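Shared chain: subunit A. Partners: subunit B in the first complex, subunit C in the second.
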Partner chain A sequence: MPSGNAVDEGGRGMTTTEEQLEQAQQFERLKALVDKPYRWIDRKWDAVFWISAAFIVGAACDITKLLFAGDWDFWTDWKDRIWWPILTPFALVIIGSALQYIQWLAWRFPTGMTYTAICLWPLATLGRWLQWGNFVHYPMNFVWPTTMVPAGIFADWVLFKTKSFILTSVIGSAVFAFGWWVSNYVMIAPFLQPAQWMDRILTVADIQGISFIHSQTPEYLRIVEHGTLRSFLGETQYVALVFGATVTVAGYWIGQFIGRMLAIWPIGRFMKKW
Partner chain B sequence: MMKRLAAVLLLGLGTGLAFATPASAHGEKSQEAFLRMRTIGWTDVTFSGGHMDPNGDMVIAQGEKFTIKGTAKLMNTWPDSLAKGLPRIGYINVATQGPCVEMLTRTINGVSTPSRIEITKGHYYDFEETLMGRRVGRWHVHPTFAVKGAGTLLGPGQWVRVTPHAFTSSIKLYNGKTINLENYNLVSVWTLQVVGFLLGLIWIFWWTWWGKTAKGNPRRTVTNPAVTLAIPLNDDGVAVGLNTKKDHRVVNIIALATALFLLIGWIWQASAFPVKIPQQVVEYEPPLTSQDQAPTLAAVDARSAKYDYQAKVLRLEVDTKNVSNSPIQLAQFVTSTLTFVNPASGTAPYGQYQDALKASPSGTIQPGQTATLTIDLPGSRFDEEHLLPRGESQLTISGLLVFKDASGQKDSAEMEEPLQPKYIS
Partner chain C sequence: MAQVATTAPDQAVESKPGRGPIDWWGGHRLTFVGPLIFIVIAAALRIWMQGNAWTIGIDASSPGFTKTYRMLFWSEITSSAVIGFWWWTYLINKGRKIVDEEVPHEVEVRRIANFWGLVSTISVELTIMASFWPNMDGSWHQTAVRDTALTPAHIPMFFLFFPFGIILTVGTYLYGRYWLPKVYGAAMGFPWSFFLLISASVTEMMQVAMNEWGHSLWITEEIFAAPFHWPFVLYGWLAAGIFALWAETIIRLLGIEAEIEEAESTGGREAVVA
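Take a look at the complex of A and B:
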């Protein structure tokens, strides 16, 4: 660092001492602002914000999930080891990523992904319970929704530690995809047990899908592992997980685009104009 | 203003509720008539089990079995507009209002068939499905033949009334344990979901409620941009006191607890369910039926299909040559969900989807003889089932003419003829 009467690039002739002084004053002003009491804005507004936004965020994430990975989320017999871990984390990370950007930028909270997750879960579960459980009477053990809460916690943790969206997109998305798989595989595992039914060996999930009638979705519509010559010595699961993590990185940046260009940028334009 | 708005909303809701009727069909009548007639020919479809009430409803208890049997022919008249004219994968199932009934067994051409089959145009598929009453109520149940690339085609249905009774949906696992599909493993699914949710709640409550600023004041949200917009994006706000080192410690603990939770879950599933397999895709080609291999009884050539709108009669004229060595007689005309039986052949119409036809000459056709059969069908049934192709891109009538020889052996011949909406002279 130059010292003495160094001239800055703008040629304003401000000395380093003055810069440091101004920075220190700015720093003190910001420190004071952190705890500044406001007359009209108290913590009730915080609660209003967090609670009212919950429905919009949960719904946005649920719609995105249903759009990209609906059937994999609906039925246990779709929750396979190839397509499910590729499509669902990709779909889930989008809105979480947008919220992560917004909440980090505005409040410096590493909460976007977890907040999205805990908004999504009750809404998705309530919807599944009402629509599939009570109206149509599918057993809930056949139609339970996935959870992204543990994966969301990991992704937020990565953001707080790295303070970087680029690193979070790479490391956080991968951790999100793997965390999502582990947390949901534990739930699907009992339904992957074999049983002999109709003279065949099927999983419990397959039997659920066949015995509980869904008239307009014939079994052949299931997009699940069918087998391929490119099976990587049978380790298709790990290939799917790595690919799923890669696709999740893309989903993360789609979410960043939504957060930056569709949420923050228009607000900034509006604020500048008025 | 608000009162008016509320009144309009209430009126709308009330009107909707007052005039709404329960959904009881599956949209089969909305499919184009010529497509339904040219695709699947349903013959000998029967429902058995429980008992019939005076309204013709089959009455079964929850957990009680009933059976649907019949034959579906994948017709050679299958149109090019569906599945590119080459149906290859099919799935025989039932259509009803969701899981009101539960599938227990299914055989196609005598082979147990849990899921999809490979299909060929012109082949017959004898199906037998054993189902169980599950949800209390009155349900309309149809056998269905879904074809990949085309959609689901429905056969003749039956009202099934399910009455209350204790039941389970038991299956036996390969390890010998018996489970109830209705609630198997539900507790662990919810436990894992709820514990995960609680961890997420702790994370959010820490950042919004429990956590403090560096000066020990409650952490706020909506006023933070005054600070956050003045510091770089890659600054975690610890220096200005917005966040603290304690926050770092707490999130480490929560992340660690989450990882531990997943580890425990993983160990649990690995030890509790050591044998797991991926979802199975069962697909095979059913063997040929006796009908596929039976000698052909008749060669038919449709000459005309005329519809009299006033008398509501559909008249078919078909040149029929007996190509067998036994006298034959027309037993049925089958199209889509409807079956018209020939009373002269010794059978009477039965059930909601059957009616009588009038054939002349009504007697038998001798071996080698060719006769022009005039078949009158009650047009009202076509109207009810929306099977008269009006305003469609192909105005044709298609179906199966089922013949019976002296020994009772049946064979069907397909016919297709442009529909002429004319008065019959």
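Take a look at the complex of A and C:
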């Protein structure tokens, strides 16, 4: 950041433009505001806010994922290439988008999606470990949750560069969906390896699903590839992924509605009659 | 970084060292104590269930279930009603006595810190109700046969933490209405922020009825993301109003700072206290 006294430094003929001078003055004004001595406002309020909000943000993202796309997130054999790439990024992006709006509006922080991802991860992992692993005794490599941390960083980067929610909804949602797939494919890939099971070739994930039965759900080998998509062979996941990116745009605007109308709009508004 | 001034121009109320309005163990104490109470209750119930859910809790028609889980259900309902009624009554009675009293800035700041402690408690409580127990709900109901609406997963979630969502959100509004009249006083009307947050907790409780009706009508255990679960998510989004609570009170905090600054520049110390 250029400073105001750099206009002519030590007679070296170093000059600066009016724009730079204005920037320097703006910097000083903002710095004075940040350093302003308050009687009762200190960084503890920031800490209380960010840590307290982390709980409800993570929980909101988790319940949205659980009840919109949970089945495709619970088990490795449900992490398929038809529905998983469509439903999960759609569900995950909603609360991330809301936080992106809130943090960008309040602080110009392009961090809302990443913040949501960081809040979600410990809650989702704790839930899987305590309630699915420790309580029902499913192995964690069967019930691990997806991560949205890399996808969140990518989507925030798009907002940071474009400074536009419309562009972020289109480009960022696609980047989010693709980023989510790539980062989670690393984890699902070992479970997609072929293995022989009772004279049939299945994936390791399928064998997990058969071995660790969900005793209150129908017992069968999931046939997830219906219709002509099955004849697309390896293209199937890319077709689903592109559609998933499209659906994620809709999820992004649902999140914008939550951020704009349910979190920010009510500030200082009162019902006079009720 | 904002700094707290070393001088105290409006030191009207003496506080013990470390117990001031913005000290961690002073005004911000409830931020730790409130959430901790709910975390301890959730942990205790979860540990207790580890030993008996898959033996006693699996058969709702057994005498053992009646003596333990059904008893727990009635205890939760009764204690929620008693605690809620007692706390709300206390807040209204005490609040009516103090609402019109002029208080120094220090006291108002402490009340805002207390209010933030209550909001932190709501955040953690809603997290337990929307992330911690729903994970158990998924693992239990996709594994165990559902023979009652009062399953071991439902009893803590729906009949303890859901009611306490209502108790806390309504109680926090009452605290704001009487202890922070310059922000939430009755003359201003009913705040939209609280309307949304309270609506979230109330509609979640009401959705339990539809959920149980739905489960008695359809066998949908295979799909946790069943459409009749979706209202839990939609109603949960209303809790975004919690962000407006933080904003509204920090605006008041800035207003207090402005009043102090103005008084210091015009009237001196006595004017600040008023």
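Here, the second predicted complex is superposed on the first by the 220 of 274 C-alpha atoms of A that agree within 3 Å, B and C clash if a C-alpha of one lies under 4 Å from a C-alpha of the other, contacts with A are read in each partner's own complex, and residues count from 1 in each chain.
Keep in mind that, in the parts below, a contact is a pair of C-beta atoms (placed from the backbone, for glycine too) under 8 Å apart; a residue touches a chain by one contact, two chains touch by 3 or more.
Keep in mind it's a predicted model, so treat the numbers as computed, not measured.
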Partner chain in contact with A:F49 - subunit B first, subunit C second, else both or neither: both
Comparison of subunit B and subunit C by subunit A residues contacted: B
Which of subunit B and subunit C A:Q193 touches, first, second, both or neither: first
Subunit B versus subunit C as contact partner of A:D80, first or second or both or neither: first
Touching partner for A:V136 - first (subunit B), second (subunit C), both, neither: both
Contacts of A:F270 with subunit B and subunit C, given as first, second, both or neither: second
Partner chain(s) touched by A:L202 [first = subunit B, second = subunit C, both, neither]: first
Subunit B versus subunit C as contact partner of A:I258, first or second or both or neither: second
Overlapping contact positions on subunit A, where the subunit C interface meets the subunit B interface: 34-36, 38, 41, 43, 45, 49, 136, 138, 214-216, 218
Partner subunit A, residues of subunit B touching it in the complex: 26, 89-91, 93-106, 112-116, 134-135, 144, 146, 148, 152, 169, 171-175, 179, 181-186, 188-189, 192-193, 196-197, 199-201, 203-204, 207-208, 213-215, 217-218, 220-231, 233-237, 239-243, 247-248, 251-252, 254-255, 258-259, 261-262, 265-266, 268-270, 272-273, 275-283
Subunit B contact footprint on subunit A (complex, rising order): 26-27, 30-31, 33-36, 38, 41, 43, 45-46, 49-50, 77-81, 104-111, 114-115, 117-118, 121-122, 125, 136-142, 144, 147, 149-150, 152-154, 156-157, 160-161, 163-165, 179, 182-183, 185-187, 189-208, 210-216, 218-222, 224-227
Residue ranges of subunit A touching subunit C (in the complex, touch as defined): 34-45, 48-49, 51-53, 55-56, 58-60, 62-64, 66-72, 74, 87, 98, 102, 123-124, 126-128, 130-132, 134-136, 138, 214-218, 258-259, 262-274
Subunit A-touching residues of subunit C, taken from the complex the two chains share: 1-5, 8-10, 21-22, 24, 28, 31, 35, 46, 49-50, 53, 105-106, 109, 116, 119-120, 122-124, 126-127, 130-132, 134-136, 138-146, 188-193, 195-196, 221-225, 229-230, 232-233, 236-244, 246-248, 250-251, 253-254, 256-257, 260
